[in-house]
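After this come two complexes, each holding chain A, first together with chain B and then together with chain C.
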Partner chain A sequence: MQEDKLTLSESELILRRAFANGLQISEESVNDALQYASTPGWDSVAHMALIASLDSTFDIMLDTDDVLELSSYPKAREILRKYGVRF
Partner chain B sequence: MALGFWTLDHPADATAVVLPNGQVLSYKELARQSDAIADAFGSLGKRSLVFLLCRNGEDCLAAYLGGLRSNQVLGLFDAEMQPEFLNSLLENYQPDFIFASEPIAFANYQEAPAPRGFLYRRTTLRSGPPTAPELALLLTTSGSTGSPKLVRLSLQNLNANAQSIVSYLELTSEDRGLTSLPMSYSYGLSIFNSHLLAGGTLLIPHASFLQRTYWDFVSKHQPSSMAGVPYHYEVLLKMKMLDRELPGLRTLTQAGGRLSPDRVSQVEQLSFRRGWKFFVMYGQTEATARIAYLPPNRVREKPGSIGIAIPGGKLYLDDDTGELLYTGPNVMLGYSETASDLAKGDELHGLLRTGDVGRRDEEGFYYIVGRLKRFLKIYGKRFNLDEMEDAMGRRGCGTVACFGNDDRIVVAMERGSPEPLVREVLEHLKIHPHAFRLVNVDTLPRYPNSKIDYQSLARQEFFE
Partner chain C sequence: MKLLQDRVGSITGASRGIGRATALEAARQGARLILIARSREGLEETAHQVENEGGVRPQIIVCDVADESSLKTAFREMHGYTKQLDFLVNNAGILRDAVIGMISTKQILEVLHTNLISLIQIMQFAARIMMGAKSGSIVNIASIIGRSGNEGQVVYGASKAGVIGATKSAARELAPHGIRVNAVAPGVIATSMIANIPESKKEELLGSIKMNRLGQPEEVAKIICVLASDYSSYVTGQILGVDGGMWL
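And then the complex of A and B:
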């Protein structure tokens, strides 16, 4: 149980760091409200940087449909689950 | 000259615009909406200077066309532009009106009635001389942030360029142009103008090309032409997005910078297979938008070329410097740096010095080989500043920027850059010790695309 909880927060922390990296914002400002286009700085360039950051952090290759689908922070969590990341 | 595209002189019921939500505007309805806004702009009883804070959509399109139809002077700016830049522009130019599609507050402006969007009227009178009669539109120069330098364009400039584009892209009323680039950007605006001139349809998606809703919109409304800057093509290729079903697509265009010949060839091969025409184009805001295009059937042989002049224009090279020169009816009136420049007429008389160094092949196709201004002639010797930076990079000099004038090269070294190594490279290049100056900076100024902002560096007083 304890171990499960640790895993949860760890993935979350890693995801948060990947977002901070990709969008060039502080880790503290990463939250569920982040949305493509409405979050300042989350434009197409930042989006590709974010995808690269997620790919390398989680050692996955997001496919095109997922890249297009990934329009918010909660959505990222949902998509990463498909790739076997546990939150 | 044919009637201007802003007359919207096409069958009243023809579809002019498809909005993000799928709603359709006929040419008649677009004209009605445009004129309703024009009435608000004209309420001062004189020609107004109107700044539009643009977001692609019916509000800003109607405001743009309304302004042109009623002979106002418009400035088009991205609604997302940095507030400091906007404020400095407002202070400098004191526009009579600001139009935006979303509410926003400005000092010295109060809300005024408008049939759509949000209109703000200046509370005090604009100082400065009246605007030149031929002036119709102000656009920001590509890439510049924080500089008040604007490009002055006339209605003739706008329509001439739209005509050329309609001609070489062979646009007709059947065409459906996807307008994913901002209308405040000359390339983006040229797509609006040319499709309206042809009597075609503008498809205005809401989302970015990296979002699902954008491609849903594309599938549903089936554009005949799509446009992109090099970055778009890099991503489209990488994500294999052009491999999807794109029924109705006929034309791809690329402008807004150099796409590497490799990538050009990749898009060309893809286009050939799919039966699309792929146009590589070259232009500048200073020429309204377009200057040259590479005919699709020549892309395979000449993927690094910018092609030939657009219909109505001429390209040639400066005998001394190799600078690419362009003449045509789409060449701007001139720049504007202060409000008083708005009174100026045509200063260029149809001749634009592009600042790019070009070459021409035996068939008359042009190639860009560099930027003129990134060459300095010091003591009669030409130095390529980009090559100089590369040499310093290879020697391990850290992040440096080389710029200057013909008297002196300035090397700005970012914190931590080893000065002895920089000196070594300069010595190696046999640059006279009096011909350069080393300065230390905390960080080099950069554009949002991370390229070094040499204009900003040049404005700092490094020249003693």
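And then the complex of A and C:
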């Protein structure tokens, strides 16, 4: 898996970019405080775009249970670890 | 230019009937295909026919769409083949006729799972792949029975009415992402699914079809391909009857 080749900081940067692309926000505004339904713009429609962005960025296919549990930026990190992404 | 030139599409229930006819027509129209069904033998035969007609040999994935873990594995496999999915034809379905007093819970769950729940799950997976490209077309196979109902088809009718509701709702949700969702509602089509209908019932059915004949799978397949293609680029949330005037 390509993530094995990444350094920890690279993974974090890639995740930040995937969030920015998925939620249509600037990379600077991506941080650990981002939360589903609380962060402006992160609604159910944007959530689907975010999942698509994570799928394609990390070349994975998140399980539906993980899609539903992915409720914050730190949670995304936690879930992606299950798919072999190292932070 | 062919209708689906260089498009990548997936068709469920592609081992026979409308699914196989759609695979053949889509391949004629230039599509590259990923075919899904329970029967490896049936899929191999469809793939063989596609190749015989000069199409690109399709990828085949053996999967029971009613089995969620099998479905997840199938989509992971598909994701491994390609990151491009331009169209999906959600065709897998089963028919288990029984009058209302004779329907077991097992039968109800079996039909709803295959015809409706898995269809929604497949839309979920497909939409995620399509969102990356901000475009795509999903074509669900409903049925005239989902609109009009029919004796002995309470569960099947409910499942297909569910398909119509799911199609319209998904169309609303996915339109902002550039993904169109439509359904075709076939009438009585000459496939193995109607093989067990008694002759007297068939006669009765024919009498209710304005064009006075059964439809052919190829006639449904052509409409599916139009909905899958850019020829319907401004069409979403529609349920298109392919029924010879049975439902007017």
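Throughout what follows, the second predicted complex is superposed on the first by the 81 of 87 C-alpha atoms of A that agree within 3 Å, B and C clash if a C-alpha of one lies under 4 Å from a C-alpha of the other, contacts with A are read in each partner's own complex, and residues count from 1 in each chain.
What we mean here is this: a contact is a pair of C-beta atoms (placed from the backbone, for glycine too) under 8 Å apart; a residue touches a chain by one contact, two chains touch by 3 or more.
Just so you know, these numbers come straight off a predicted model, no measurement behind them.
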{"item": "First, second, both or neither for A:N31, with chain B first and chain C second", "value": "neither"}
{"item": "Contacts of A:M48 with chain B and chain C, given as first, second, both or neither", "value": "both"}
{"item": "Chain B versus chain C as contact partner of A:T64, first or second or both or neither", "value": "both"}
{"item": "Common interface residues of chain A - those touching chain B in one complex and chain C in the other", "value": "45, 48, 64"}
{"item": "Residues of chain B that touch chain A when the two form their complex", "value": "207-212, 214-215, 231-232, 235, 239-241, 449"}
{"item": "Residue ranges of chain C touching chain A (in the complex, touch as defined)", "value": "72, 75-76, 79, 83, 121, 124-125, 127-129, 131-132, 173, 176-177"}
{"item": "Touching residues on chain A, where the partner in the complex is chain B", "value": "36-37, 43-45, 47-48, 64-65, 67-69, 71"}
{"item": "Touch list for chain A against partner chain C, complex", "value": "45, 48-49, 51-53, 55-56, 61, 63-64"}
